[in-house]
Each structure stands twice: as structure tokens, then as C-alpha cells.
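Listed below are the structures to be examined.
Same chain, two partners: chain A is paired with chain B first, then with chain C.
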Partner chain A sequence: QDIVETIWQNYVDKTPQRVKLLDTFMAFLIVVGVLQFVYCVIGGNFPFNAFLSGFSATVGQFVLTASLRMQTNPENKADFRSISHERAFADFVFGSLILHFFCVNFI
Partner chain B sequence: MRSLLLGLLLGLCSLVSALSAVGNKLLVIQEDESEKDNYSQFFKDLEARGFQISHRTPKDSSLSLFLHGVPAYSHLLLFPPKSKGLGPELTANVLVDFINQGSNVLLALSSDKSIPSAVSSLLLELDISLSPDRGSLVVDHFNYDTKSASDKHEVLLLPSPDSSRQDVKSYFGVQGLIAFPHSVGQVLGNASPFLASVLKAPATSYIYNPKDDSGDALEDPFATGTQINLVSAFQARNSARFTVFGSAEALQDTWFTASVQLPNGKSEKTSNQEFAKKVTGWTFKEQGVLKAGAIRHWLDEGAQKSTTDLTVLDVNPSIYRIKNDVHYSVELSEWQADHWAPFTPPAADNVQLEVSMLSPFHRLNLVPKQHTANATLYTSDFKLPDQHGIFNFYVEYRRPFLTNVEEKVTVTVRHFAHDEWPRSFAISGAWPWIGGIWVTIAGWVAFVALWLWCKPVEEKKVAGKR
Partner chain C sequence: MRLPSRLVLPLLALAAPILAATSWSFEDATLTIQGKGSGVGGGAKEKLSSSTLTSQPFALNGAESLKIVLTTTEGKSGKRPHQAFLTLHEQATGLEESFAFSVKDNGKAKLDLSQKDLPHQFLTSSQPIKASIVLASFGSSTPLNHHTFDLTIGSDSATPPSIPSPPERYTSKPEIHHIFRADPRSPPKVLSLFFTLAVLAALPVLLGAWLYLGGNIDHVGKAFGANPLAHGLFFGSILAMEGVFFLYYTTWNLFQTLPVAAVVGTVAFVSGSRALTEVQERRLAGER
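Here is the complex of A and B:
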């Protein structure tokens, strides 16, 4: 109980605001994805391609956000010296647009 | 002069009162020339209905049923010969060929004359059995004519035949009694779907050979009661008709005008003439002849939905798609005396359309939509099944005493094209996923806005720190 509280307090204090923003977005994506999956389990996956595209939209977006987080986290500066934050963000936007295009078509 | 011409014209018009639907050349085979006079009224009746009668004897050298491979006559009337055979031109094979090429035959039998083996084997081909005893006739001790056969009881008096089935129209009903002297009884087999009984013997009759003196003749009769048919009708698959008339004598002039009396009845005139007219009317295709006219089918969807204007419709296309709505129509006529008239099936019956590929997917009742002068238009609206392939629209109407109607139209039914599938927003099951995607995109747009908005703040912070 205490350990969880300590971890949570550490997280709130130490992480920069931007990373927290990323984390909230990722949490939101997880919620949406879980909702879709629960609906699939209950209501069946009749238009299967629709289920796939809806679910993979959330999952893909989550992956892209995770990579953006990795690339912009100040603690990882050493690993990503050649990639500026802007570059990471541009990659993120580009990848997200491709993902959205694919999902809207596939549905 | 003018009245004479008018009279002649009127006379000509009245001659042609009931024509056969297929043709009016009738060949009569009679061995004995003198016998012709006995049937003069019968032949006069036939000629009055427009038949061109040619009389021949079986051994006549000019007799030929076929001319250049095609039947020379539309109808054949066979009277029982005195000699053993019917001659080389009337063998069983020739008669079967004659029927297979569409001509009709009326065979009259008599117990006084022997039945040639060619005839009885021909009848066996049709699944009609005759008693093997030569000279056997049908006897009835309760329905005989007291005036002419009070001791031998061989002249049967029969009530008018009526069809017991609700869905079969009666073509042979007459008023009064029919006299059948010296009749040959036939037994119909169960195997043939083409046989129908026109006139059955009463329940108290049996087949008996008067020449048989031994007492055990009655212990094992060939047939009894309503098993015995006196007039049997056979209609082949090509609708050619073969009637076996059990008593040739019933067609004679004497019996057309005789007065008869049942054992417990009063004296009355026979209805033989009327009955002969009905039986020849059916056999020679004046009655019970159907025809299927124009068949039309079209796609009842989209721009063509609910139109009946033939000029704008694409009628009888060869390809449809699965689950298309199709409208099908066929015109049916029945021959009435000298013209085609609209056909109505009996009240309990339906003409049906089968939509089938190997086996029927739909079997639908055709609805009579409208009557034209010559036909009834039967229509059906249906949805093609969810199966692609080659389908037949098949109307098959086979009923006793009616010619067969078989009309088959073959169409291709294709599957959905790649752009004919329903779009995902039209499928209600996909809405949660569509919602999920757009929620994700909306969240992403909000995140990008937030990220870009808070960037300056961070830079300033960093700048501030420096």
C-alpha cells in the first residue's frame, strides 16, 4: 500500500508536465481500446474488419505515443541525441495520420 | 340469290363450331365397309365439328399413318377388326411412333370381336391390362338394360362420370344414362402417371366370359367393381392422347337413339351421343388444351421498380444478382371451341413457379393479374435467393385431362460486385468501432493541440533557466 503511494507521489513530483500530458493521452487510449474490446466480447465481432480497424486504431495510436514519449523524455536524452523533439513530434504526427487513414479505409 | 348466298355463308359458319386445337385430319380404320353405316350419326357429328374424315380398312394398300416421316393425320380412330391382326401398317411400334409424334388415338374395343395381340401388347405398354380371356365382357346384375339385355345383363347402364377430385375439372359429364353394350373392361396399372380413368364400371359389375362353362369362372374374375374401367385415358409426355373406349357398339346409331330402362327405373333416352361427343372432344384435343404464351421477367428494383411499361423495361435479361427482386409473368390460355380463351385453374388449384437450381429454392403460386381476350396473365414477385449460380424459372403444370405446360427460362445469378456491398456505416453492428476510431482521432487532435500549446511555455521555462 505504502509502496504504491510512494511510487505515485514520486511520479507526480518528478515527471515533467509534457510527459504527464503524454501519459494522460495514453491512459485515454487504453480506456477507449478496452471499451471496444469489451464490446467485442459481449456483442460479437460481426463486421470483423470493423472491429480490427477500431481496435487497432487505439493500439497503434498508443504505440506511436509511446515512441514519442521515449523520444521526448528528458531522462532519455542520452539515447536520442540526434533526434530533436520537433523531429520526434513530426514523426509522431506523420505516423498518426497514416494510421488514421488506414483505419478509416479499413473500416 | 342474295338470301341463298347468305344462307350458304351462315351454313358454312355453323359447320365450324368446335375445331380441334391441333388439326382436323381424322383417319378411321374399319375393317368392314358395311359397318360404316352403323356409325353414320357418329361420323356426321364429327364432320359437323370440322374433322376431315378418311376411311380405310386395315389391309388397304393406300393406308399409311406417316407421310414423309411426319404423321399424315392428327387423329386416328380404330374400330375393332374381325380378323386376328390390324395389318402391317398398324403395328404396335407404328402406333407408338404415331403417338410420340403428337397425334391422338381413340381405340374402340368390343367383346364381340377378338382383340389383336398387337393391340393388347400396345395397351400393356401403356400399363392398361385387358382380360386374357378372349370374348370376356363386363356384366352387371344391377345396372343393366331391361329392354335389350334382360337375361344376359351385358348392356350396362351407367350414370354420368364426375370427377371426385376438387381440383380436376370434369370434361365428361352428361345428363342421363350411358348405355355400354358388350364392353371390354380395362384395368389400369399403378405405375404410370399418365393414365386417368374416364368411366368406371359400377361396384356391382365383374368381367365374365359367357363361353366359359366351368363353374370356377366366377371364383377368380379378372377384375370386379370399380377396378374395371370402361373408358381409360392416357396422355403422353408430349400431351398426345390415347383413349381406350370399352364398347364400340355404344357409338352405333341404334344406341344413340335407344331408350333404356334400369331394373328399378323408368324408361329414358341414352346420352350416348353426348358422351361420344365429350370423349372425342377430349381425345382429339378440343377440350383441355392449354398453351403458355409470352413469358416475361425483369428486375423489379431501382429505376425499374413497380413499372409495367414494357417499352422502358429491360425485359428478359440473362443475368441477375443475388437477392434481386424479380417480377415474372406468363400468359396461359385454354382452347375453347375455335379460339384461345383465358385459362383459370380450378378453385383449389394453383399454377406454380419454381425458382430452382438443382432443387427448388422457391415454389410460388402464380397470381392471375389480368385477363386479355386470349389469355390470363399470371404474375409473381419474388426475391432471388442468396445463392449465386444458374437458376431456372420453371412453370410446370401437369393435371389429369389437361395438356402439359412446361416452360423453363434459364438465368445466371451473379454475386455482389466489389462496389455493391453495403458500406460499413450502413451496418449497424459496425457503429461502435466507427465511434471508437473517431473518438481516438478526436483525442489525438486534442492531444496535439495541447502539446503544441504548451510548448512555448516549456521553451520559455528553459530560456528562463538559461
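Here is the complex of A and C:
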């Protein structure tokens, strides 16, 4: 119990604010994904492609956000020296738009 | 040797009776009906004749076997014909079945029959079955087809006659009324509504969490101050792209969507690079 508390406190104190913004977005995506999955389990998976596209939208967005978080985290600066934060954000936006296009196409 | 033509016809006339005289026949024919397990020589022997019909029909019941032994002769000498059959002819349906004798070169022939060799139609016939001995061969001897005896088939009381299933005839079969699986249906609207509201409710929660963390809203004023066109176009083009996707989902087809998407994408790219350059300047200056 104490370990969890310590980890949480460490997280709240040490992580920069922008990273926390991304973390809340990722939590939101997880919640939406779980909701979609539970709905699919309860209500049946007709039409299946609608469930797939919605679920993969949340999962794909989560992955993109994770990569953005990795690239903009100040602790990882050594690994991503050549990619500026803005470049990472631009890649994030680009990837998100493509993901949205494919999901809208599939739904 | 050249025969004078005047002599050929008389010679042939002399030869004809000799040639036409021989005919196939059989002699020393005995018929035995043996019960099962009674051993050799157990059943009653009956004599068969090549010229007359036996007075009473013989009975073949159940698991009994019928055995015929005879000697085939051509003229006076025992010889092996090319064909030697016992033909059973059922009078009601006209069905015939022939069973070949096994003949040795000196003309001695024998045949074993039991109920299992007979076609099943014989087993259920009501009239006696005519049995003929048929002998034929090459050459000019007259063949023999002699109705020798009659046979009645009795059914074994222990085993009822098994009639084999009727043969497969290829005709149209009865119509198949297929009951198709019901179409899948959407879940009840209440359920869908509940989950949709749950997902939509998560959105304000997210925005609230962002605000709680201090979502850098105050940077908006500075950003727009520095380069309003770039930021405005960038943000606007992202919204426009999502709008394009919405139109693609509702009304447009792919070929209407792609050019518009290309235009909006180019705007987003150009303005985005400008806007993000501005952001980068601010970041490097330590203001973010």
C-alpha cells in the first residue's frame, strides 16, 4: 500500500506538466476503449466493423500518444536528440489524421 | 486336290448327316439337396434326364445347398463344352440367372448352389422356378437348352428374408425448404444510448483533468499574438480535416474526399510548420 502511495507521489511531483497532460489523455483513451469493449461483449458485435474501427481508433491513438510522450519526455532527451518536440508533435498530428481517416473509412 | 464339281454335292450330301448328327447332351446327372452340416452324401439324390422334366419340383430351403453332378457329352463322347450353365428362370417377373458349371475336359461337371447365391427376387417368388441346363460350344453340334427341373425356394423360419434396399435412382428429390438464419440485430437502443453517453461523459472529465493540471490555455494569447495566421490556419485546418472525414462518412465518396483532403492537408502542413516553429522559439526561450 505504501509502495503504491510512494510511486503515486513521486509521479505527481516529478513528472513535468506537459507529460501529465499526455498521461491524462492516455487514461481517457483507455477508459473509452474499455467502455467500447464492454459494450461489444454485452450487446453483441453486430456490426463488427464498427466495433473494430472504434476500438482500434482508441488503441491507435493511445499508441501515437505514447510515442509522443516518449519523444517529448525531458528524461529521454538523450535518445531523441535529433527530433525536436515540435517535430514529434507534428508527427503525432499527422499520424492521428491518417488513423482517423482509416477508422472513418472502415466504420 | 481338285474335286470334280460333279462329285462335290453328293459328297456333301453324304457328309451332312454325319455332321448334323452330333448334339450336346448330358448323362449321369444327379441332383442332391443337402441340409447344412449333414456332410457329403447326406441328402437325397435325384436323377435328372436330358430329355424329360422331373415330375415334382425340388425344394431348397434355408441354408440347404443344391449340388448337381453330370457329364456333358457331344454325341457319344464326354467333352467339355464352351458354355455349360444352369439357368434359373422365374416366371412371374421373367428374371433369369445363370450359374456356370465347372467342367473338366472329359465332360464331368458339377455345380453347387445355395440360397445366398440366388438373387433376392427369387427368394420371394410364389411360383416354382424353372431350371434349365444349357450347353453350347463352337462347331456345328446342336446346343442343348433343356428345362430339366423346377425349384421352389422355401424361406428359413429362423431367418426372415432380407430384402436389400432399393437401388439409388437419380431423379429429382423432394424440395428442400431451407430455414435461413435470422439476420443479426442491433442491441437494444437503451444499451447503445447508455454506452454512448458514458463515452461522451468521459470527454468533459478529460477536459477537466487538463484544466486541473493547468492546460496551458494562457499560452494561446501569446501564440496568437506572435503569428496569428499560422496558428489560426493550423488549428483551423485540423478541424477542417476532421470535418472532411465527417463528410466522407455521411455523404461523400472517396473520389470527392481525396482532393479536398489533399488541399486541407497541404494547408495544415504549411501553416503547421510555421506555427510549430513559433512554438519552438518560445520553448527554446524557456517560456513553455
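One rule holds for everything that comes next: the second predicted complex is superposed on the first by the 107 of 107 C-alpha atoms of A that agree within 3 Å, B and C clash if a C-alpha of one lies under 4 Å from a C-alpha of the other, contacts with A are read in each partner's own complex, and residues count from 1 in each chain.
Going forward, a contact is a pair of C-beta atoms (placed from the backbone, for glycine too) under 8 Å apart; a residue touches a chain by one contact, two chains touch by 3 or more.
Keep in mind it's a predicted model, so treat the numbers as computed, not measured.
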Partner chain(s) touched by A:N76 [first = chain B, second = chain C, both, neither]: neither
Which of chain B and chain C A:F89 touches, first, second, both or neither: both
Touching partner for A:Q17 - first (chain B), second (chain C), both, neither: both
Which superposed partner A:S53 touches (first chain B, second chain C, both, neither): first
Partner chain in contact with A:I42 - chain B first, chain C second, else both or neither: second
First (chain B), second (chain C), both or neither touched by A:Q61: first
Contacts of A:Q9 with chain B and chain C, given as first, second, both or neither: neither
Shared chain A surface residues [contacts with chain B and with chain C]: 17-18, 21, 25, 28, 32, 35-36, 39, 43-44, 46, 89, 93, 100, 104, 107
Contact footprint of chain A on chain C as seen in their complex: 184-188, 191-192, 195, 198-199, 202-203, 205-206, 209-210, 213-216, 238, 241-242, 245-246, 248-249, 254, 261, 265, 268, 272-273, 276-277, 279-280, 283, 288
Parts of chain A lying in touch with chain B, wherever the complex brings them together: 16-18, 21-22, 25, 28-29, 32-33, 35-36, 39, 43-44, 46-47, 49-51, 53-55, 57-58, 61, 65, 89, 93, 96, 100, 103-104, 107
Chain A partner contacts - residues on chain B that touch it in the complex: 424, 427, 429-430, 432-437, 439-441, 443-444, 447-448, 450-451, 454, 458
Chain C contact footprint on chain A (complex, rising order): 17-18, 20-21, 24-25, 27-28, 31-32, 35-36, 38-39, 42-44, 46, 84-87, 89-90, 93, 97, 100-101, 104-105, 107
